[in-house]
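After this come two complexes, each holding chain A, first together with chain B and then together with chain C.
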Partner chain A sequence: MSAPEHFGVDEASLAELVVPSDLRSAKASEDRILAELARHKYEGDTIFAIKLALEEALTNAIKHGNRNDPSKHIVIRFHIGDERTAIMVRDEGNGFRPTALPDPTANANLERPNGRGIMLMQAYMTKIRFNEAGNEVWMLKENRTRPPAKSKSRSLRR
Partner chain B sequence: MEQPSSHLKIRRANGVSVVEFADRKILEELSIQEIGEELSHLVESEAGIKLLLNFKNVDHLSSAALGMLITLNRKIKEHNGELKLSDINRQIFEVFKITRLNRVFDIHGTSEQALDGFQS
Partner chain C sequence: MVTLRGATRLDEPEELAAQLSQLIQDSSPHLILELSDLVFLTSAGIGAIVSAHNRARTFNGRVSVVNPKPEVAGLLRLTRVDQLASVFPTLEAAWQALADTQT
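Entry: the complex of A and B
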């Protein structure tokens, strides 16, 4: 529930939203976070990256975590500062093993229509960490970072 | 001739169906399924369709949108058609590169270049 220590985010600075598990509610939360990024004058590429990763996390939580059950909820916690943004998305599902996902950029998987969300979150954020269960993800974006690298081999676990 | 539809603007040029997205936000999750269905109907309406997707109005993309494009590409191949993409902005093209989908899709800088590339 708390941000990973190395994210450098003070617990007291986190805002929390609990929203119904549907795409429109998620979009409203996303819009609130994007407005906050604009208020902190994040540059376009950084906003693009955070928006993309946040949408993937929210979509995963609604579709795969809460299995499109509108009676369930999503918890979003976030800190937006001039130096970094940290966002957590948690669903009520049973979680999954992110390390067990096939590599969507492997030649054999290139034409599969699914399986790119987690990879994009990794590529566009500075760090991402799942909890042990796999139903909560923390994402960190340092502000004014360079464009994302093509591939990254990072641990997905904290 | 332009056919109105909820998410797409479609015109014909040299035997090619040129599709533009009507709204910058259309590739967000809420609309992707509907766009996929519209494009699927378009492919089914013409055997061997030549389809150009112009991305000039698109400033965001998601994995779900990429999945829709992959499914569309497969369907067009099954119908002996051809799909090309054009006018993809720098940020969106980066998504194609990171996912290596720039190797799956036939991507051109401009719609004119893409139109020239279709077999007559």
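Entry: the complex of A and C
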């Protein structure tokens, strides 16, 4: 359950929520994360991307991972900083193989009502990574609109 | 015509898909979704639009989308659902396109 090393997130900075596997509890968790993003002054399009990926991950956890069983739980871990946000969603299911999913944008699959969630997560987040079982996903979003930290070196005065 | 506002909620898309399907069956095979006030859409909401397209096709109809916000338009483009439900900037353009297919 640790963050992938290349996500640049300190384990100690991660907050954790354990919520019942139902849509109302998931929404409450989402609202808490969105409030934190607003506090860090993330831009609207970045918040849109994170909200979308998070909702997709939570919906997958509830419907597919935990099979709509309200007695099961979802674990959410997250770090929201000025430069990046990392979120983990884990369910109690047996997992799946993300690489085995059909391409929802292929002509043959366009008229399928389902199957776009993972693709949207990959498209809108900077990085996503599933564990081997496929019941845990880490998602990273770099806050690219934030200006880089200023150098501490002193500039020469003319 | 159906106007969608706000955001499709986690628990809403199935209800939306059912309502759109009923509208197509009861009213008209041609469905226009006015999305200018829709600020957020997930894959399930997109799925509801796809289901509506599939339903409309069984009645030789079509689904049109009008004036989506840039983020929603981006979603429809990325998923290529804009190939199923044509996107128009105005209601008038959507009506004209429908009228053109009837002649």
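Everything that follows uses one rule, which is that the second predicted complex is superposed on the first by the 144 of 158 C-alpha atoms of A that agree within 3 Å, B and C clash if a C-alpha of one lies under 4 Å from a C-alpha of the other, contacts with A are read in each partner's own complex, and residues count from 1 in each chain.
The rule is simple: contacts are C-beta pairs under 8 Å (C-beta built on N, C-alpha and C of every residue); 3 or more make two chains touch, one makes a residue touch a chain.
Quick caveat: nothing in here was measured; it's all calculated off a predicted structure.
Steric overlap between chain B and chain C is present once the structures are superposed on chain A.
By the touch criterion defined above, A:D45 lies against chain B and chain C together after alignment on the C-alpha atoms of chain A. Looking at the shared chain after the overlay, A:E55 reaches both chain B and chain C.
Within the superposed three-chain model, A:M119 lies in touch with chain B and with chain C [touch as defined at top]. By the touch criterion defined above, A:L110 lies against chain B and chain C together after alignment on the C-alpha atoms of chain A.
Once chain A of one complex is fitted onto chain A of the other, the partner contacts of A:L23 extend to both chain B and chain C.
Shared contact residues of chain A with chain B and chain C: 23-24, 27, 45, 48, 51-52, 55-56, 59, 104-105, 110-117, 119-120, 123. Contact residues of chain A toward chain C in the complex are 23-24, 26-27, 45, 48, 51-52, 55-56, 58-59, 104-105, 110-117, 119-120, 123.
Within the complex formed with chain A, the residues of chain C that make contact are 9-11, 17, 40, 42-44, 46-48, 50-51, 53-54, 71, 75, 78-81, 83-84. Here chain B touches chain A in the complex through residues 28-30, 60-64, 66-68, 70-71, 73-74, 91, 94-95, 97-101, 103-104, going by the rule given at the top. Chain A contributes residues 23-24, 27, 44-45, 48, 51-52, 55-56, 59, 104-105, 110-117, 119-120, 123, 147-148, 150-151 to its touches with chain B in the complex.
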